[in-house]
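Below you'll find a set of structures to go through.
Consider the two complexes below, in which subunit A is the common component and subunit B and subunit C are the respective partners.
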Partner chain A sequence: MSGPLLVVEGLTTEFPTRAGIVRAVREVSFHVEAGEILGLVGESGSGKSVTGFSILGLIDPPGRITGGSVRLAGCELVGLPARDLRAMRGREIAMVFQDPAATLNPVLRIGDQMALAIHAHETVSAAAARARVAEVLTLVGIPDAARRLDAYPHQFSGGMRQRVAIATALLNRPKLIICDEPTTALDVSVQAQILTEMRALARDTGTALIWISHDLATVSSLASRIIVMYAGRVIEEGPIRQVLSAPGHPYARGLLDSLPAKAVAGKDLMQIPGAPPSMLALPPGCAFAPRCLRADGACDAEPAPTVAGDRRWRCHHPHAEPTS
Partner chain B sequence: MSPAIVEVRNVSRRFAPTPSIGERIAGLFGAYVENRTVHAVDRVSLDIAPGEVLGLVGESGCGKSTLGRVIAGIHPPSDGEAFIHGEPVMGGSRRRVKTTTRVQMIFQDPFGSLDPRFRIGATIAEGPIAHGLIRRAEARAEVARWLSAVGLPADAADRFPHQFSGGQRQRIAIARALAMQPDILVCDEPVASLDVSIQAQIINLFLKLRRELNLTMLFISHDLGVIRHICDRVAIMYLGRIVELGRTEDIYTRPAHHYTRALLDSVPKLVTTGDDLVSFRPISGELPSPLAPPPGCHFHLRCPAADARCRSEAPDLRDLADGRRAACHHPLIDDRT
Partner chain C sequence: MLGFIIQRLLQAVVVMMIISVLVFCGVYAVGNPIDVLISPDATQQIREEAIRTYGLDQPLWKQYLDFVGRLVQGDFGRSFVFGSPVLPLILSRLPATLELTLVAVVGATLVGVPLGMYAGYKPDSLAARAIMGISILGFSVPTFWIGLVLIFIFAVQFGILPAGSRGETRELFGISWSVLTANGWQHLFLPALNLALFKFAMMVRLARAGTREIMLTDTVKFARAAGESEATILRRHVLRLIAIPIVTVFGLEFGSTLAFAVVTETIFSWPGVGKLIIDSINTLDRPVMVAYLMLVAFFFILVNLTIDIVYVALDPRLRLRAAS
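Moving on, here comes the complex of A and B:
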């Protein structure tokens, strides 16, 4: 293997608004190995989805990527002409969104709209495209797929629609699929089915996944590495078991400790005080400092990333030095 | 158990779309008109004791919100009745209206539940003034009292909803409900739309209010972790029926209904040790449409223990060991006898 599949370095994405410039993603760096499942967690507004969109070049003007690079198998994606990006999307990197109802075209039959995704990238006969669509739908656990090709999206349940969206992402055998909260809108029983299938898919097809979620438990049952974002920055990264058993950054620690699973039933939960900062008025230095119990004068300066083995964090006062 | 403060007796709630004029004429001439009635809640009975927090759990479409709204007096029941302090929540016989202020509701979306053009103080004081609980002159002090109870500064009263974050708005919605001095709070997914770090703050607020005000609560959620943390007892709903009811710890450690067990097995657990990925045991199949629920036990299509009886005969909610009730022909725990 010659280096990681995806390397993101110093990625910065900005959106000018009437109230000022929102830097939604700030100098984000990470990598994804081939066949790996990487969890990307953070609260709303932390920049996790914008990171996903930036990788695919899906930032609408006036928003734009103002710095950094995204390299897929050595090929730079930032600054690529729109035509080349379009050729790459779906074939090299695909994306699955949170709301399957909005992803699918309501007036096209499932089989037809999925076939469009094949024809966009290669010249195949309609029959061959149809066969491949049926094959991929079976792969994601849709029973009797060949017969359901002529159904419309509204004839599918939410879980089935999300399976169709995932199947569409798989159609062109991309090297990487970015999944943006794909199970958040689904019931737990359906979520468990989809998580089981995604895990098997990643294992069997060698497709790498970036799994964007706010739910640490879901990510912990799926990913091998985790990235935690806060206010546009990656504040912690590492192998998932190590990060979840001994988080270094006080925010990551606070998130974990505030879960009901960590407390005695009926007793107060540990809570992080305050609320996430406005992206228009970020505090100077560490963005988490105003909510952090360990913050002091040093935190007025932006902490540089500390690297220890596989782990990385941005904090002046991390919890117990993580062992790698 | 002390006498119940909330009694739900055989409540059903159906939703039927109003037939179009064409359908009505066709019906008059004896044509077949498709029945699109949804049985959102199907003959549910339960009690809530004073000071108790009862959790109501289920997947989307199971009728948990509708049951909550019947108890809160928002929807009149189609059959049966919900009582508070022995009195029906809805008075009147033909045109049914809510006749008590003893029950208040908190909704999931704090962006939709507050009037954007009302100042916070006006939002909180409106109900108590209209119902004569307080005089207009007392409103300011009263608003400040409830704002402080939910952890907001008194000057929040002069601001508008858009000036607050989601977590703060949910606090305001809670203050508005409390200002009516209810005995019962019906909370419909009150933390589902909040960020993880804010969820813990609101859960702690509920725990504090419960301790200080001795509130009785119906806490509706799909989040089994949150329910386990704050509820004394839990009711599990599936397609409009309660399938299991019991003490929280009992249900989580030893579920009686196959659906409960499958639901608990589906929840991703936070795994912090070990190299292996945990395996789920997902429920096979999908939730059937509430328009056409299967006959017999609604769960039989997905149940590993289903037999011929389950396919034809709907099980009643019956008493099992340790004060548990479950609607299952083949429960996972012993019968009482």
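Moving on, here comes the complex of A and C:
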């Protein structure tokens, strides 16, 4: 099998609301290679999580995918019958969420709820499922896993709970795991541990990751390529080093400039002026234009993606000229 | 856990003492049983003798102390009307009410909870609307009216079910039960249905509200992302999570139905305790009223204690607190 593991093309997801239709994801296109870690960054409401859920076909009605395609190893997922989608979830693509305290069921034993994820795809004996659960828990760094299968989530620390969630995602050896801000709810020292472990796990198991985060620093330590989203669109894509050293889109540049690491002691942190647009009243043309220092009349028209080698952006006035 | 139960039992003793004072004073403040019990033509001598026999010539506090004195020896006194000890009298009527209540509350739960979960899972479906319609009916139409309609339809019009009494019974542990004979079930069906309708409505609402809430949580999303089927999610995750409010209402409904199935028992001439208490109020049979109300208070204490123990079994997070 050749070609990328996951290809997303022109993906559009809409939510009808009382006030009008919210297009949370607008013609998003990207790909993920097998075993690759792709960073997906953007601020709250930029559509990054909805992109993740759209890939899995887990958009809650009345929201729905209205266009585009998601192909996993050549197989189209958009429009797949619910039964086939369910069989694919967890087995081909798994997902880890932000807050492990909310994702794990508080009234089920760890071993039992993880076994449910195995039984969803295979008929195996309870003992075999239990053994595999213990094995994967050990893999994600839970000490004495076999004896903790009968524990409940509240008996674990936040970091341990997230390890349990990650182990649940790994149970059926998926080719891709979508990680939706899995370290945001954890404290910093635990974050660093989990990041290191996830990188090692992805490498050892050959699992590709889509790492969704608003934290550029986290993503830069993990991902090999990065996608920046703004107001439902991918506005910049490229290898992480190149994007970080020479961002093309003014928004990506603004994000980098506002990193605390770039701040001068005693001065306020840099910030992007203005606030993200309401998804119900997007400006015509480039959604970032009202906040952009470089915007002019040309920005009233939607910029087409500029492709240059590995890199891609949507801007009439990029900072750097595309170099290949 | 044991300490918790002992503590609750000690509290129960205090509650029972307070209840005994309240009930005794309340019951002895109303009416004059002598007027009811003795023919108006009786001579003054007979009247005074009766008053002395029943201890009604004593001041209230003395009557109360006598009552408590007998109570600690397990003697609730003798019925004014039947002349027999009160406790065996009530206990002989209790099984009839107990089986009626059990069938009604358990039946309402077994039918109401799955239907309510379905209504919460697919709130916009036609079936869900039908279920909610029936539950509104169950809430708002008075019990006595439904009882009469049930008799009219099933006993009078079609003549397929009996309109009253217990039917054949069979002995088990020295007590006669209707649920052990087919004929007994025929007699039990209508009154149980009558009692169950309101409880069914409540269970439907409770299960629906809980299911709607839980279906939106990350726990369900995470289970879906792992590929678990909707049936598994409803059975293993949602049902466990909505169990606590359901157990609460189950217990309280069980207690109150056991105590106050008066209307249904009267309509269907079901020889249970509800009918006994109504008759004893009509004849101002004070010992029966006092003993009965104290028994009811005791039931509620028992039910609440059971609910608390079941909570701990259902929600592991409570175990830590119960242990400390």
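The criterion applied here is as follows: the second predicted complex is superposed on the first by the 321 of 324 C-alpha atoms of A that agree within 3 Å, B and C clash if a C-alpha of one lies under 4 Å from a C-alpha of the other, contacts with A are read in each partner's own complex, and residues count from 1 in each chain.
As a convention for this text, a contact is a pair of C-beta atoms (placed from the backbone, for glycine too) under 8 Å apart; a residue touches a chain by one contact, two chains touch by 3 or more.
This one's a predicted model, so the numbers in the text were calculated from it and none came from an experiment.
Superposition note: with subunit A as the common reference, subunit B and subunit C can be accommodated side by side. Comparing subunit B with subunit C, more residues of subunit A are touched by B.
Residue contacts after overlaying the shared chain place A:Ser245 against subunit B, while subunit C stays out of touching range.
By the touch criterion defined above, A:Ala102 reaches subunit C but does not reach subunit B.
Of the two partner chains placed around the shared chain by superposition, subunit B is the only one that A:Met270 touches, whereas subunit C remains out of contact.
Once the two complexes are laid over each other on the shared chain, residue contacts for A:Gly254 go to subunit B alone; subunit C is not touched. Within the superposed three-chain model, A:Arg89 lies in touch with subunit C and out of touch with subunit B [touch as defined at top].
Legend: residue contacts after superposition of the two complexes on their common chain; A:Leu222 is shown touching subunit B, with no touch to subunit C. In the superposition on chain A, A:His121 makes contact with subunit C only, while subunit B stays out of contact range. Look at A:Leu58: by the touch rule set out above, it reaches subunit C but stays clear of subunit B. When the two structures are aligned on their common chain, the gap between the nearest CA atoms of subunit B and subunit C comes to 5 Å.
Overlaid on A, the two complexes show subunit B and subunit C touching no common residue of subunit A.
Chain contact summary for the complex, subunit C toward subunit A: residues 216-219, 221-229, 232, 236-237, 240-241, 243, 314-317, 320.
Touching subunit A in their complex are the following residues of subunit B: 59-60, 165, 167-168, 195-201, 203-204, 207-208, 222, 224-226, 228-230, 248-249, 262-263, 265-275, 277-283, 286-287.
Within the complex formed with subunit B, the subunit A residues making contact are 43-44, 157, 159-160, 187-193, 195-196, 199, 214-218, 220-222, 241, 244-245, 254-256, 258-263, 265-273, 275-276. Here subunit A touches subunit C in the complex through residues 56, 58, 60, 86-91, 94-95, 97, 99, 102-108, 113, 116-117, 119-121, 152, 154, 165, 168-169, 171-172, going by the rule given at the top.
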